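Input: a single structure, listed below in structure tokens.
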Amino acid sequence: MTSVHPNGNDPAPRLDRAAIAKRAARDLVDGSTVNLGIGIPTMCADFLPDGVELLYHAENGILGFKELSAPGEGDPNLMDAGGKFPKLVPGMAFFDSVESFSLIRGGHIDVTVLGALQVSHTGDLANWMIPKRGIGSIGGAMDLAANSKRVVVAMEHTARDNIAKIVDECSFPLTAPDCVDEIVTDIAVIEIDRKNDRLVLREVAPGWSCDDVQAHTEARLELDGEPGLMA
Amino acid sequence: MTSVHPNGNDPAPRLDRAAIAKRAARDLVDGSTVNLGIGIPTMCADFLPDGVELLYHAENGILGFKELSAPGEGDPNLMDAGGKFPKLVPGMAFFDSVESFSLIRGGHIDVTVLGALQVSHTGDLANWMIPKRGIGSIGGAMDLAANSKRVVVAMEHTARDNIAKIVDECSFPLTAPDCVDEIVTDIAVIEIDRKNDRLVLREVAPGWSCDDVQAHTEARLELDGEPGLMA
Amino acid sequence: MVFVCEHFGTNNQRSVSDIQEKDRTIWRVMPINKTTNSFADAVADIPSGASIMIGGFGGAGGQPTRLMMALRDLGVGDLTIIGNVAGISKTTGYGWPDHLDPIDQGMFFESGQATKIICSFPVPGTTNPLSDIEKAWREGKADVDIVPQGTLIERIRAAGAGIPGFYTPTGVGTTVAEGKEHREFDGKAYLLEEALSADYALIRAQKADTRGNLQYIGTSRSFNPAMATAAKTTIVEVDEIVEPGGIDSERVGTLSTYVDRIVQRESGDPLP
Amino acid sequence: MVFVCEHFGTNNQRSVSDIQEKDRTIWRVMPINKTTNSFADAVADIPSGASIMIGGFGGAGGQPTRLMMALRDLGVGDLTIIGNVAGISKTTGYGWPDHLDPIDQGMFFESGQATKIICSFPVPGTTNPLSDIEKAWREGKADVDIVPQGTLIERIRAAGAGIPGFYTPTGVGTTVAEGKEHREFDGKAYLLEEALSADYALIRAQKADTRGNLQYIGTSRSFNPAMATAAKTTIVEVDEIVEPGGIDSERVGTLSTYVDRIVQRESGDPLP
């Protein structure tokens, strides 16, 4: 694992976490059943395009939740998968873990947005364990990654010290092989063409060139037309 | 398939269907979860010993039903597995077929009482298809017979023309092998000692000797002490 | 808005629709409305050759009778029907009120539209007349695949739950086991059974909200909730369609994600 | 008695307890009363070496906190704990109201009573302090078997449902797949996973009737209903025990057949 760009030579500021979430949110289709992972993925809910409403699934057993309760007002009997307390809203449904994971494993989640430690050029995902800790938490991540109709990774493009996260082969333990469809980062949007095992650079952040993005990416990026500008 | 006693030489009247049900009911333990098949088994519910209450399961999705609605007053949304309409009573629970057969297959039914076409000396049960019809209905019978903690057959001892129903080997298609624990008929109570593959004659009807019962039974009956009198 | 959370843990009798009335403006309704205008519209795209799950147990309760009649009227053929106690009400009255003429899956065999049924109970009791399904089978016009009821519902559930195969003790040592893989776990034999999906599920519920959440009543659940998860397209016949919130969140029996189309019966429909 | 049937199909808001009040004399109550006097009594027969499922998802909701504390006080050792997001509330506050000190499964590792956990989520987020479970693992005092959450709950469900093994797509191509049988269905690879049962299940519900039917609320279902089916002995902590009929027949989340003992919390218990 090496630093892809040891001097950290960024040609322009990277997008912040909210901007990553906003860009990932733009591809979410009205009426979809979605599961948003903790962190940047959860923030997607704050940036939905006008007219788009989603049916949020939390693997602990809710479909149709929206915003959280005010601090101090939540009830432990209405928790989301991140351990926060949403509000009770009309149209919500509660169910047990058997049903929740039948929904996931059965391929009924339209889109899962999650964070990653590494993504490979074939769409392999590693996001549950840092080897040096020796132990990790799988939770629902393997079920979601392996079985959702579409898997989007929303994350910072590189780890600390500019270590590449988009790599030729994942060195961290996999969550699922061959599962990621799109990566949205603070400097690029990359489509994973899983039929041909190639990464296609679709968009770059303002001030970033394709070469700049490639310099921060271990896996080889290909072009399929001129990349657009992230906004 | 031959008539075991072609002249129909009965030494005394056989018990009627209600008396078979009453005898089978005597062994049902208070608080048990039970499934009663159509016919004589259903009638067990009318003859429970004092102080015994059972939790009746119907495989279409009820636990805890009791008597039927009066004619014309039933509701199709509250049906039992025989297509009749029970009353709504407190403590009842409704569930779907997945849960109903999880309960059965998981071995949570304490006792199933059902009818039979044939029972073998090893406890094989045949009750779902008459070969000459060429087609039959399995329904929940295989699940119940194969998976209940205890399986009791309540039936007439012989078929029409005194054809034996308690046989060496079933000639009819099996519902489940090696599953019956006890047979209650109109002339005898027979325990199936499945560990040793033998039939033990436990009780005979009034006026019937052990030899009389054996004469109506293809499979060999053994004694383990003097049989009691059915009452 | 505080009301919701303050009372959630202590007053479970309150339904979400009560909250909606107290402060209607804070809720937005999902734009997806799955309401379909007629039973004919709801089944119009079903092609010949389709596999079709039909909910219910047998009897009137939980059976999508109006959807079935619409499919019969559509007239498409070469159908595979998947159901439970299939087609025995007409000859036995099973599960129907005495004063009504029963309607059941046999209609697709009487009409010649169906060429196969996968079910647990195609034959009425031995002393009853032949069902339409049994007649079609005798005439060589229909295949009948008889599956133990628990295996049938578990195979349907498995299809919806992403389980391609599972082992079951039911059927070992019987004709059902022929040709199937056997495997021992802890010294006991089991059969491998595979998931069973369909192109369409026609199901029945008591109530739907416009998004497609469903509420069932009594024993009318039966095969309906599992079938909703196992078909490419799930079409639901309901007595009532309500706005989101009109079904208590604790009573949702099928999640809206599984539902494609909902049709409301006419009020006062004489059929159960 | 006619009342029941006349209204059943048309007024689903009515609960059975309403009927009971109208005509109390017609109902008899099952003699089996599963109420147990204290949490200590309810767990008293749990021996050292037992395997114990603990319900909930992680967080306070749906967790049998009082039963867990009674088991800790009982002091038996060499326990195997089976749970989901196990032991992370204490270090992260996960799923607990801000003003309370979280209590979680880590207590059995802190006390040295547990030597193994089977769970999906034993480690708090990477920036959080070590959980008691992680500490015990690092010190070589506890085995940790990490199972994908969907596989964990399906294995528990399978144990209760008489399914000894099933195939799942989850975990293929990961460390979870090591040593497991792979099999293709329709050209896609799956893993064989086996049923997971336990000696005891400690679970939490909102309400029980005296026979043991259970009602859950909100997201506090989670692992509880499946665990109730998968243990030799199921012990339930509830907020309220009612007579049969006090739970709507449409809202029974766990059937009484699965339940062995129920214990009611003290009213006003400060723990959620």
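When the chains are written out, they are named A, B, C and D in that same order, and each has its own residue count from 1.
By definition in this document, a contact is a pair of C-beta atoms (placed from the backbone, for glycine too) under 8 Å apart; a residue touches a chain by one contact, two chains touch by 3 or more.
Everything quoted here is computed from the prediction, not taken from an experiment.
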| item | value |
| --- | --- |
| Cα-centroid distance, chain B relative to chain C, in whole angstrom | 30 |
| Chain A and chain B: spacing of chain centres that average the CA atoms, whole Å | 58 |
| Centre-of-Cα separation between chain D and chain B, whole angstrom | 36 |
| Where chain B touches two or more other chains at once, by residue number | 74-78, 88, 94-95, 101, 104-105, 147 |
| Shared interface positions of chain D, touching two or more other chains | 8-9, 154, 157, 161-163, 168-169, 206, 217-218, 249-250, 272 |
| Pairwise touch network: line, ring, star, complete, or other | other |
| Chains touching one another, given as label pairs in label order | A-C, A-D, B-C, B-D, C-D |
| Residues of chain C that touch chain D when the two form their complex | 8-9, 12, 154, 158, 161-169, 183, 185-186, 188, 190, 194-195, 206-207, 215, 217-218, 249-251, 272 |
| Chain C - residues contacting chain B, complex | 57-62, 84-85, 88-89, 92-99, 120-126, 134, 137-138, 144, 146-151, 153-154, 157, 168-176, 206, 216-226, 253, 272 |
| Touching residues (chain side chain C, partner chain A) in the complex | 1-2, 4-6, 8-9, 16-17, 19-20, 27-32, 157, 159-163, 209, 211, 213, 229, 243-246, 249-250, 252, 255-258 |
| Contacting residues of chain B [partner chain C, same complex] | 38, 58-62, 71-72, 74-81, 83, 88, 94-98, 100-101, 104-105, 124, 130, 133-143, 146-147, 173-178 |
| Parts of chain B lying in touch with chain D, wherever the complex brings them together | 30-31, 33, 51, 53, 55, 57, 63-64, 69-70, 73-78, 85, 87-95, 99, 101-108, 147 |
